[in-house]
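Okay, so subunit A shows up in both of these, paired with subunit B first and subunit C after.
For the complex of A and B:
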């Protein structure tokens, strides 16, 4: 794609044979840095993973082969199914909450905050938590949610509960809470971007035509910010689908996800099995993105 | 069919913060079915005035009445106005038919009924065969027709047009101008048209309101404004006028009312510039202690007595052609 663009733009109208060959070379050269980077850091690793997924292994070794045992085991194991269902559940709930919170925050920033400096200021404020690492932000929930943590103590002091809530920490609730906390920004940014590009006179035109503010939202703003919503959704879905550390920390090791299965297999040096799991996960995520892109054309937004 | 559609603005002002005054004491009454042009340079408050009539901007003071009912506090859709936006503001995700039917959808009209009505309006603006297209598949002129149809589907008594022709190329602009004029005659409602082009205002309006610096500079029929400019600003903005200072008073004289005579010498001047414009020739003359004076001469008049740069001529005009400026 990029190489053809380069070629066509550098081709002169009266291109004789030798110069067009030279232009082709120049085109390839100009495209080569990107090709090299993508080739070395994206394509090669994926090829390696796919290759290793067909290797054979014993408890203590693994060696090149071409067997389907890894996939066979993976695809017939009931554990795989339950782990995928759990992961889909995490993904679905996190996606929904991120969407609701992200859309609301972006809407507030884009349409209720009037001045640009204020918008930028508040937007930066949203990003401040991201100056610390994911893990620190995640772990900081633990003293808050723990059995004798701030949340439980406060609720008890207020007399709302008699004994500590057990499900606050090391539970699916905690996992989803951490996911939403970690990933909502990835929803806010693209939706906010879409909203800022939205021509304000369209909203006025809708009001002029008698639309109530709810009708403006459903008939104008949501349809026109769909690309942003979709980009944010892709971020959130891929991040949650591939996560292993959040699930491990926040569930206290009690919940499984596809990422955790892979990480466990790697810990046990079962590289061929881990590779097979990774390939299946990759395909699953690609299919999900493919389905999502069916609904919205995000090219306009890029 | 005539709809009663008088429009009245009484002492309407718009202030932003303490210091910025966008519109200052706009008072004017427009008869039902008139074609009003709000004319003026950018930043003069004409668009703000239009947006206050539409209800997209609140008024700081004053009252706006349509058909003798005050609409100042009403939301845009309840005023009986419809606005056509400068860049048309068509919804990019809706096809042409749904764009036109939008306001009916907001009112809860069912789909077949609103599509039928939308198609009728599209036929009226000659866009009947474009119902299924998306706005970005249309040319500028076509988009404008759709925007017009969308505004008219609400059956407004006042149609507000914000610089409707400025996004079109010159050829299309003239064509759409006559289209607007035809539509105005057909509908019989009041049009308020914001423009910075004096040609447009003169061609279309039956009332021109020329604004400058948040205030009305002069309001009247196009002939009044053009032939009897009240102030120097009006004379200069409308163009085709010379502002001449004689014994401490200033007068406006239309440049095509000025004669140049090589043989007369009672008000001598020197030709400094000659420009051939086809049917006319524009000759600029200089006179000591006086601003440049432009004379627009008919081509054949000029040919009888050709002038070149450096020629000395006498400048003449009829007493009736000069208008005192305040």
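For the complex of A and C:
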């Protein structure tokens, strides 16, 4: 444990060093572009959303008011509940699949690939798609999943099905497939990072003490990579909870999600309603992250 | 663990190979299909082989303003890249000062990463609307994209400075270097190669950004917005040709950055001898 503790305690924001007045001034000056940009394009927009969520609207415009109608409508509508259930379902299944696949891939890279250049090479192979377009990666599934697509043709050739499966493309299945395709690397990167920082002598000690490789996995590796698992989980959960484009495209417009409801309200220029939905979504995501953070101190892990 | 490779290695290696196939298979599929013959459709079989659909891309009127949107995305990517590098380095240096209130800034950065993109899009849209400003890709779109690229830039800087040996700075200071000289001649050369990584994130995440740009780009589309618009109206392989084109472009950019990184590391290694 010692080496991981030493490494993590050197993490910057939390390390104890007296902050002098000069350091504070210089620090704020150097951080000022960052604070300014995030203030203008993160804080102010969120404040604007919270404010507008209490505003009133007509069909074409919205104007300042202080009403609770937007929330009242949102929180009493049966649609909201079903949309949230659906979104939680997408999130839960995607999270589970990303975790299983991401952990397995990271485990293979960290403990079964032996040379560092090979590890880095294969790791980069997994991360390169992150730097390409998500939209294109979604479109890429069309020839695969379509009615006359590769999957259906292959299954028919093998005699497993008689007629094409209709639920492959433009379905909840396709939505989850695309989510896993797009977001698994958000799980691989932090878990791989945790595993590479893990002190190898701990594994040797466990083996020497007579642990089976299964016991090493459950009693040493999994507990010590928990921070990576949590960071990856936070990424996947927030990305899926707030998504609107994957659900819309991969379900062919048939499935709903919280993000899609908001984007539809925006398209109808119902900004106060969209804002109220956005505030509730933000609170939901923050509560979920709060729960996950109870398991790990994120500042120690950077 | 370092003995002969057991069964578990081969099972895991097979799983890994399947995962890589899952990751790249669809992209390779559309790359092949974008060379469909003129009569070909959106799926196999191939109806001859041609570059017909790439030709269609160059005909402006056929499928919207692809080249205009490509130029805008490219320019925006460069703007976001430069800003991300500069602001992340300054931010990273600031955090090393352990200044009072750094916790707040830290949570602002993390918050930027976890706030759903659609909130940024909606919020910036409302804000500009209320301030009577026009949304434009180079103003509101630019700022919205920074909320996605800056956290990644800063996380890289945190990782870099965590491993940074401050003895170099102390040595420079002892030799009489001013704070600016220390940064310019000691810190920046050491962290240089990592900045290439930050730049890569800045450019590619901007170039592919969709959700945060949706309501904030104004009347001139960026390339991802243009592509998404096409998905509802275009049902020919020209869509795949465009996908192949921008993916190839992304790969070239990634390759260039990797080459730069390799060269700068190599130069440094030679310098050390």
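Assume the second predicted complex is superposed on the first by the 267 of 302 C-alpha atoms of A that agree within 3 Å, B and C clash if a C-alpha of one lies under 4 Å from a C-alpha of the other, contacts with A are read in each partner's own complex, and residues count from 1 in each chain.
Methods note: contacts are C-beta pairs under 8 Å (C-beta built on N, C-alpha and C of every residue); 3 or more make two chains touch, one makes a residue touch a chain.
Bear in mind that the values here come from a model prediction, so they are computed numbers and not experimental data.
Contact with subunit C, but none with subunit B, is seen for A:49 once the two complexes are overlaid on the shared chain. When the two complexes are overlaid on their common chain A, residue A:207 makes contact with subunit B and with subunit C alike. When the two complexes are overlaid on their common chain A, residue A:37 makes contact with subunit C while staying clear of subunit B.
With both structures placed on the common chain, the touch criterion links A:128 to subunit C but leaves subunit B unconnected.
Of the two partner chains, subunit B is the only one that A:220 touches; subunit C does not reach it.
Counting the residues of subunit A that each partner touches, subunit B and subunit C differ, and the larger count belongs to C.
Residue contacts after overlaying the shared chain place A:268 against neither subunit B nor subunit C. Contacts of A:199 after superposition: subunit B is touched, whereas subunit C is not reached. Residues common to the contacts of subunit A with subunit B and with subunit C across the two structures: 204, 207.
By the touch rule above, subunit B contacts subunit A in their complex via residues 54, 56, 75-77, 82-83, 85-87, 89-93, 102-103, 105-107, 150-151, 154. Remark: subunit A residues 10-13, 15, 17-19, 23-31, 33-35, 37-46, 48-49, 52, 101, 104-105, 107-109, 111-112, 114, 122, 125-126, 128-129, 131-137, 139-144, 146, 148-150, 153, 181, 184, 203-204, 207, 213, 234, 238, 241-245, 249, 259, 262-263, 266, 271, 274-275, 278, 281-282, 285, 289, 298-299, 302 touch subunit C in the complex. Those residues of subunit C whose C-beta lies close enough to touch subunit A in the complex are 1-2, 8-9, 12-13, 15-16, 19-20, 22-27, 29-30, 33, 42-44, 83, 86-88, 90-91, 93-103, 105-106, 108-112, 114-127, 130, 143-144, 146-147, 150, 154-155, 158-159, 161-162, 200-201, 204-205, 207-208, 210-211, 214-215, 224, 227-228, 231, 239-240, 243, 246-247, 250-251, 253-254.
The touching residues of subunit A, when paired with subunit B in their complex, are 199, 201-202, 204-212, 215, 219-220, 223-224.
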